[in-house]
Each structure stands twice: as structure tokens, then as C-alpha cells.
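The structure that follows is given in the form of C-alpha cells.
Chain naming follows the written order as A, B, C and D, and within any one chain the residues start at number 1.
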Amino acid sequence: MDAISAIVAEIAEEMRAQEHRGKVADYIPPLAQVPADKFGIAVVMRDGTVHTAGDAEDPFSIQSISKVFALTLALGAVGDQLWQRVGREPSGSAFNSIVQLETEHGIPRNPFINAGAIVVCDVLLGRLQPREAIGQMLRFVRMVAGDETIVIDEVVARAEQETGFRNKALANYMRAFGNIHAPVDLVLGTYFHFCSLAMSCRQLAMAGRYLMAGGQSDGHSVISDRRARRINALMMSCGHYDNSGDFAYRTGLPGKSGVGGGILAVAPGIASIAVWSPGLNSSGNSHLGQLALERLVQKTGWSVFEPRAQ
Amino acid sequence: MDAISAIVAEIAEEMRAQEHRGKVADYIPPLAQVPADKFGIAVVMRDGTVHTAGDAEDPFSIQSISKVFALTLALGAVGDQLWQRVGREPSGSAFNSIVQLETEHGIPRNPFINAGAIVVCDVLLGRLQPREAIGQMLRFVRMVAGDETIVIDEVVARAEQETGFRNKALANYMRAFGNIHAPVDLVLGTYFHFCSLAMSCRQLAMAGRYLMAGGQSDGHSVISDRRARRINALMMSCGHYDNSGDFAYRTGLPGKSGVGGGILAVAPGIASIAVWSPGLNSSGNSHLGQLALERLVQKTGWSVFEPRAQ
Amino acid sequence: MDAISAIVAEIAEEMRAQEHRGKVADYIPPLAQVPADKFGIAVVMRDGTVHTAGDAEDPFSIQSISKVFALTLALGAVGDQLWQRVGREPSGSAFNSIVQLETEHGIPRNPFINAGAIVVCDVLLGRLQPREAIGQMLRFVRMVAGDETIVIDEVVARAEQETGFRNKALANYMRAFGNIHAPVDLVLGTYFHFCSLAMSCRQLAMAGRYLMAGGQSDGHSVISDRRARRINALMMSCGHYDNSGDFAYRTGLPGKSGVGGGILAVAPGIASIAVWSPGLNSSGNSHLGQLALERLVQKTGWSVFEPRAQ
Amino acid sequence: MDAISAIVAEIAEEMRAQEHRGKVADYIPPLAQVPADKFGIAVVMRDGTVHTAGDAEDPFSIQSISKVFALTLALGAVGDQLWQRVGREPSGSAFNSIVQLETEHGIPRNPFINAGAIVVCDVLLGRLQPREAIGQMLRFVRMVAGDETIVIDEVVARAEQETGFRNKALANYMRAFGNIHAPVDLVLGTYFHFCSLAMSCRQLAMAGRYLMAGGQSDGHSVISDRRARRINALMMSCGHYDNSGDFAYRTGLPGKSGVGGGILAVAPGIASIAVWSPGLNSSGNSHLGQLALERLVQKTGWSVFEPRAQ
């Protein structure tokens, strides 16, 4: 067993022993039913080797982590024009806050809060029907993960749709400002399907390789290296809602969390990392997931702020 | 002339040609009088070589860049206890906003907005008289810069004190919540003196070496490598006020700006960089300074999100 | 012609000469098409005499004035339990603001802003189907006005429904907090029909008699005198959105405005007054309507703050 | 004993029996030491008869009730120009909130919240020295109360000054926007002295006569009847901080409360009323004071919304 495998195993061991695990999301039944004691970790190195521990093969609902893939698709579709409709700044407020939209005229702060990701979906629907956009997303994730078995959990998607009143409020509110163009129901239907992607830590870490490797995955170019750097920058600034500064402080890694308890983190040039533990902290980020990444960086020195040879 | 020198010269050339230069801060006369056409850049490499161009030897008022040094001193004095009195999150609002303090009970969002830096000063005054704290700061900056000629501009300090009503409001407001302990006037007197440090790009880039080199400067340890990484993380998340996400997106570097038009940026392990141009954008950051750093990263690949060899 | 008739005629004359008339609401075509030069006034005295001038017989869209009638019905249905779901305080913000709902957990500030009136509709739907609630409203307004010709303008109702994204946002947002119980579409359908009542100044002033006469209308009791006083108090505090304090200051009368340009005002014990002019001020209240009421009070001394004999 | 005397005695009796009395203000020692079981009431009728019960002769700190007298003086000094520097709208937030000042550029919402009253003091200092302004206030209150024994409690004034950090924040903040002209310390010194007026219920009710009697007091004109109506309107809209709507709903009287537990209420043309009980509700208004006024109105029908003969 090599060094990284040993580290990954140690971390899984340590996390198993933690008593405080946060609170599992309970706003929809399919998420509330996930056992709180799950923990998985997968690390894909630049050379393609994969190291996993714990429940790394269990699929879970990636939820807001899908916002990274949706942003990638939208930048592919319209390029920097996207930034006319969504900002690039941390929000300074909760993931589903509506306050900022009022004072900033319906322009969400960044593509990684709910309002921003809903605009991103609307941008994709500028060229596609919802069914096509959902199909495009699924093909994209399967492609970057190199795994055709990834699916969307329709039970989760339906449950989101039945209870997503805050998201309906956000979408209608932005529509009132003219920043949603397609019918609100179609935009949200697309958005909820994206959120309902079910992936394991292994699949998620595989999918994140293009962000680790300057836009490359399996030897072909998914996006430019410049765009990869920029998406990483956004993940660092805005990837953990109103807890992003703290996550950057503790880990020094770009990362994106979801209320399903997953986190995708990137050590540029080195590794793509996925962790999963369903219990959340008060900001809606995986409590043990953040802790596991903090430990990983302590043991490996993968922080982007680590001095490096040029 | 080596590669970096050439790049630095090119950038200075390009900046000189820019027409749009932002708006020079005018809230105190000593800042308003600075010529808008100034531009300087200094790059200190890990090996100690220094590359400068433009007005790199002109001293300017570093203003909020001093918040980085004050934070370093406060962490040295009280360690992580500091975080009980100030947060680590981007503010999502202007540098001098008071709104967040009301809803968050007098705890400022981070040490790089005015309210946070005022708390940092108050922490230093827990052990020192104002005169001592100002002396300690001056000694610290001279030490890390390796330059005994650095001074505090008393004319600027006095002008700040005469007009700093918003800062007085912030300090009194936090005092009402019990988050300022020393008399408000002493805390602000200290704060305004810190802001009034006058340094050239060369001096500032020299001073930033410890943040570039894992806490080391001139062969001795200023702070631990862990603390250096963390300060860099905070600079990336919060160093440009409500424009921090955009700066990270464009440059991929930790940086801290001041309304004097200076920016200190860090490429960990590679270089400490200072730029200066007095014209500011609407968020209070140097317009050309940000642009110069964006160019520098484009030409050198120094973004922390650039894939690197392990 | 008696004194009041003369005053009413003078005011209509004066208003006709005003150059600055405000801005006609243009968010739906049926409102945007109303001629800006319309002005009507009707005063119903306690003894039943009616004084009108100008376009007092033209029906217009009463819009938010219907919130007074909806509140009357909801208090009749559930009494003071209503106040568990909506407050009694001026909002300090715009009529369609969503900010306050986030910090106050989905409880709108008062029943005269949009969010509050939507909750009032939801309360009515606790016992009735939308069609029944709309029928009840129509019967109520016809009864208090003593006029069976009053109708709901279906063209306006449909236009509201097609463009009411902010109201959809408000309703979904409150539903997320559990403060809307019926399906959002049904609640809003009801709300938009209430807003689309078409009434003339004469009809509106007649309808307001029960608020002028301690709850009595045409010799029978519509509501108790205590409830009439309280509804008047709410109209005084909250009846002109974020302009309510100024309206109270200028007129000293309880009143409720609508974006159709109408205002219903009450001089308790003396008169029920309706004015109409489509041009609005920046807070969404009829510019000339407010001015006309100010003049009326100057000429009659009907302010509730006028010293009176006991 | 006549009818009003009997009613006043009954109310004092009933209040004595109340268990829930609110929470005595404790931010300065002189207020914290006031016994919680105090209750006083005084009613001055238009004919000059005075009815009192309970602790109606005990002096207490009138605190924010002084804002009514300060407004009267400022309107006397500069007339409607005052409204360029302070609004006339309820604030929708707490009495000492600073949030609104940021979004509304240093213009406080109304003269009855702290920020607004501080501006009113600054307006008075446009023509007078602090000592003169304090002297003018004392003479004014003595004159309208017809009582030369009224004093300012210097112990309270000093305690306010030592702890008034929020007020210092408000004043400095408005100064930063240019809406405070005199030195902040002088403005606050004046403000704190106004707040420290010590008056009994009897004295306060006597002082309020000019607001009850169309601006007349003791047969001479203090202000015009129009100004008296307008001040009453402001008291109704804004006199109980973020609880003003509820107070209007329950009592139908213009009133102004202070954190010392006093309330001055006005039944125009009928009576000037003062109540006092130190326990406060969560909005900072006297709990029993509000209840006593509610009872008084129930027993007398003095609500301004009571239908009246013309």
C-alpha cells in the first residue's frame, strides 16, 4: 500500500471514530433517510491511480456539487457572456438567501449559490429543451468520470420539485427582474434534475480530474487550462456558501459541497478528491467531509498556498 | 535582463499606456494629491532577486495592506483566540459597511475589512499601549522588509483621524457589543497609524517575503508555515473587499489592496509582488494594480490554481 | 350647492390644473393604457349625501385597496387568530419587498403589503375554494357599496397572473416558511382577482361607509365598532406602503392606496372619501390623490388629529 | 369623584394586580435601580382638571419622550427645512438600528428614533451652544408644563454619556454622510441631557397639553394648530419604535414612549395623558403603560378613530 492509500485509510479510520457528525439534511425524505454514519473518500492522482476508503463506492445525491458541472457547460455554451447574468463574488449570506437579489436587482452573487445555479440552468435552456439539457449534463458527467453507469435519481428530483418553494421563490424573483428567460417551471425542473445526480466518491473524484489537470481528462481537452484555473478560483471563493472563507483557511483547496454531504476538492496538478459524510454543519456543508479534507492537506501538503518549486 | 525583469518592464509599459485609470481616493487631502499617473511594480523572487519597473521606489500610503501585518502580529500575540472576536468569511459588502455588524452582533466578518482590522488593533492593545503597538508594527515591517528607512506618515495619520467618522462609528458600534475593550480613541489612533505606513513597491514586496516563503524571511522564521498558508488563504478570500472573488478569478493569487492604490500579492514559493497605481475601481481597489497582476500571472503562470508538479 | 360640494368641485378644478401628475403604472397593459389626466373624487357623508367631481363615475382598478376588504373578510372568518400569521407594523420598505420575510421567518409585516395580503387570501382559502372566496369578496363589496353592478375585471386579473413573478416569489417564499397553506397558484389566483375589482370613486366611497360609521352601513352592522377603529388604525399606520408616515403627516386620515391610482380615505364619523388619479409617486401611491386629500383636510378640518369636542 | 377620576383609579388598581410587568431597562445603573412595581397615571382634561392615580407624582427619566419636545423646538427653529435631514416614516426596525442609515445615506427615518433625534439636536446646535440648547429645552418644558421645578438628572446624563456607544456610532456614522454638522461630542452631550429630563406623570401630562389643544397651552399659543396635528401624526406613526403599528391598533392614540417606562399620549381636544411603569416589552416600550392606555381608551372611547360628531 503506497503513501496516499495509507493516508486515505487513516483518515477514514479517524472519521469513523468521530462522535460529532453534524445533522443530516431532512428537507426531503430521500436525503433524510441516508444513514448518518456513512463516510467515504476517494483520491484520484494525476497519474490515474485511485485511492479509496470507507463508503467510497456508495452513490449519494451530489446536489450542489452539480453546480460545478453546470457552470462548466454554461461557460462552454456562452463563454464570458455568462458573467452579465451572475456575479463572481462570495455572497456573505446563506445558500438560499433572497435578500441580496433585491438589492442587486436579480443578479445572483455567484454560480454556486442556488440563485446563481438557477440562472446557469436558464442559460443552458437558451439553446436546449429541458430534456436535452438534462441529457447533456448526464453525458458530460459520464464522460468526465469515464463511467456510463452514473444516473439521475428521479425520486430525489421529484421530492425536490414538490418541496422546493424557496427555489421557486428565487426563480420567480429573478424572473421579475428579467434574469430568468425560460418558464420558471422548466428552469427549476432542469435544476432539480442536475441536483439529483447520484454518484459515488470514486465517480465524483474521477469526474473532477479535468479541474485538477488544467482542463484535461483521459488525454483529451475538456476545457482550456485558463477556464480550469478560473473555475477552481470560484470554488475556492464561493464553493462552501457562507463558510467558504473558513474552508479555504482550513484546507487551502478549491472545493464544492452539496447538502447530500459530498465535497469535491481539487489539488491542481496533483489530485481530484471526493469525500462524503451526510451530516452537515450549520452552513450546510459536510462536517466530517471538511474535517477529512483538512486532515488530508495536513498530511500531504497539498494546499495551493504551500510554497512550491517553480 | 532576465525573463522576469522583461515581463515587469513590459507590464509597466503597458500600464503607462492605459487610459482608464480609476479614481484616486479623495477622502483625505494627502491621498487626493497623489498624481493619478503613477505606476510601480516590484517582484521579489524566492532567491532574493528583485525586479522593478515604473515608480517602484516612490513611497505611498499602504493603507489597508497594513491589515496583513497587523493580523500577523495579533496572531503572534493571541493565536487562534483571535477568531473568537473576528470571522474568516468574505463580507459580501463594502469595506466600511456597518450593516453586517448589526445582524452579527458586533463580530466583523474578517480581519481585512475596516471593522475587523479595528478589532485586531484592539487585540494588540490588550497587551500594549498605543505608542508601543505602533512601535511594534514599525519594527515588524522594517524587519520583514529588511529596511530601516520605512516610516509612518504622520500627516496622513492626522488626516485620517480628523475625518474617520465611519471608522469611529464602526469602533463605537463594536464597543456597544463588547467587542472593543480599549478606549475607542486609542484603538483608532493605533489603527490610523498602521494605515499610514508609507512604503514603496520595493519595500512592500520585500516585506511580503515571509508570506511567499512559508513564514521565512532572510533565513529566519517569522511565522510558522501553517500560519503563512492561512494568512494567504484569508488574503485570497477577503483581501479585496467585495471584489475578492473577482480578483481571485482573474489572478489566482492571494493579495491585499489598500485605498492608497497599492496591492501586495503572493505567489507561494515563487515571488512576493507589490504594485501601485492610485486610481481605484468602484470597490476601492487599484484598477491598474489589479490589471498589472492579471497580466503578470498570464505571462508567468504563477496562479495558485496552475497545475504543478508535486 | 352646499359647502362640501363646493370644496369637492374646487379640488377637482385645482387637480385638473396640476402639471406634475406622477407616473402611471405600466407593469401590465390594462393599467398602462389608463389616461394620465383622469381625476375623480367622491365624498359620502355620514347622513348619506354624496358629493362628487371629476371622473367620479369612471370605474378603475382598485388594486391594493381591495386589501382592506380582504382583511375585513379574514377577520370575520378567523378573528384575531389572523395576527399569528401577519403583523401589524409598518414595513419600512417597498410594497413588494422580500427582504423582511427572510429575517422575520415568512411572517409579513402587515396585511396591506403584498405579502401580507397574500397570507390574508390564504386564510380565506382555509374555508373556501378560490371561486367561492372570489364570489364572497364580490358579494361583500357590492353589499357595503350598495351597488350590484360592481365587477371584477378579468382582463386585469389575467394580466396580473401572467406577469406577477414577484408575487409568485413572495408566495412561494412564505410557503417555504409554512405561512401559506393552500397551493400557491390558487392563493395567487384569488389574490389577483381581488386586486382586479373595478370600481368608481362613487362606488368606492360608498363601500367605505362601514369604516367611517363604526362598522355600520345602511343601518346594519357590517363589523363591530372596535374592529372598524382597528382597521382604520392599520390604514393610518400601513396604508400607503413606505409612504404611510408622510400621508398621515399630511392628511391625518386613515387611507389605503392602490397602484391603479385610487385611494380610499376615512374621516371617522364624518365621511368616506375616494379619490382617483392614475399617476403614482415613487412609493406607488397616487400623486394627485394624496394631494387632493391633503387639500380636502385643509379645507374641512377632518384630520383625526383635529381637536374635537367630546 | 368624577367619571375620569374613577376610571384612572380603576386602571391603577388593575395595573397593580398585573403579574407580567416587562423588564426594567438596565443599560445604565440609574435606570436599573428603579423599582419594577411602580405605576403612575395622570390625565389632564381640556378644561384643566387633572386626574391622577398611583405613583403619579414620582419623577422618572422621560428619555425618548423628550424627542417630542426637541422636535417641537427644532420645527420652531428651522420649520420644514428640518425634513431635508430627517424623514417622516416609521423605521421598520429597532430604535437604535444603524442598518437603515447605510442604505439611506445617513438620513434617519424619523425624529423619534435615536438617530433622528440626534439630528434634531444637531439642528438646534446650528444656532445655539450645547449649554444654551439644554437651557432652552428646560425652559420650554417648564413653560408648557407650567412647573418651574422640573430638572435634568445629571447622574443619568453622565451615565448615558459613559455607555452610549451605539449613539456615538449613530452620530459618527451620520457625520460621515454629512448629516451631523456640530462636533459629535457636543451633539451627544445635548442629546443625553434632553433624555435625562426627570418628570412625574403629572408634569408630563401637563407638558403635553399643547399637543392636545391645537398648540395652545395656558391660553397662549405654543405652536400652530397645524403643527400640533402633524406632531400628533408623527407620534402615531413612529412614537413606539418598531411597535408603533401595534400601539395605534390597540389604543388609537398618538403617543411617545421612553425606555424609562413613561408614555405621553394625546387625545386631541380631550386630554393629555401620561403613564409610567418601568418594565418594558421587547420593543423598549412600557408594558403596563401601553396596557393602561388601551384600557383607558376602552373605557372612554378617546381613540382618534372613534366616529365623532362634526
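FYI, a residue touches a chain if its C-beta (ideal position, glycine included) is under 8 Å from a C-beta of that chain, and two chains touch if they have at least 3 such contacts.
Note that the structure is a prediction, hence the values are computed from the model and not measured.
Asker: Which chains contact both chain B and chain D?
Answerer: Chains in contact with chain B as well as chain D: not a single one.
Asker: Relative to chain A, which chain has the most distant C-alpha mean position?
Answerer: Relative to chain A, the chain with the farthest C-alpha centre is D.
Asker: Looking at chain C with chain D, do both copies bring the same residues to the contact (over half shared) or different ones?
Answerer: same
Asker: What is the distance in Å between the mean C-alpha positions of chain C and chain D?
Answerer: 31
Asker: Approximately how many whole Å separate the CA-defined centres of chain B and chain C?
Answerer: 55
Asker: Hey, what residues on chain D touch two or more of the other chains?
Answerer: 103
Asker: Return all touching chain pairs.
Answerer: A-B, A-C, B-D, C-D
Asker: Applying the document's contact rule, which stretches of chain B touch chain D when the two form their complex?
Answerer: For this pair, the touching residues of chain B are 97-99, 101-103, 165-166, 168-173, 175-176, 184.
Asker: Using the touch definition up top, name the residues of chain A that touch chain B in the complex.
Answerer: 46, 87-93, 100, 109-110, 212-214, 225, 228-230, 232-234, 236-238, 242-246, 248-249, 252, 254, 268-270, 303-310
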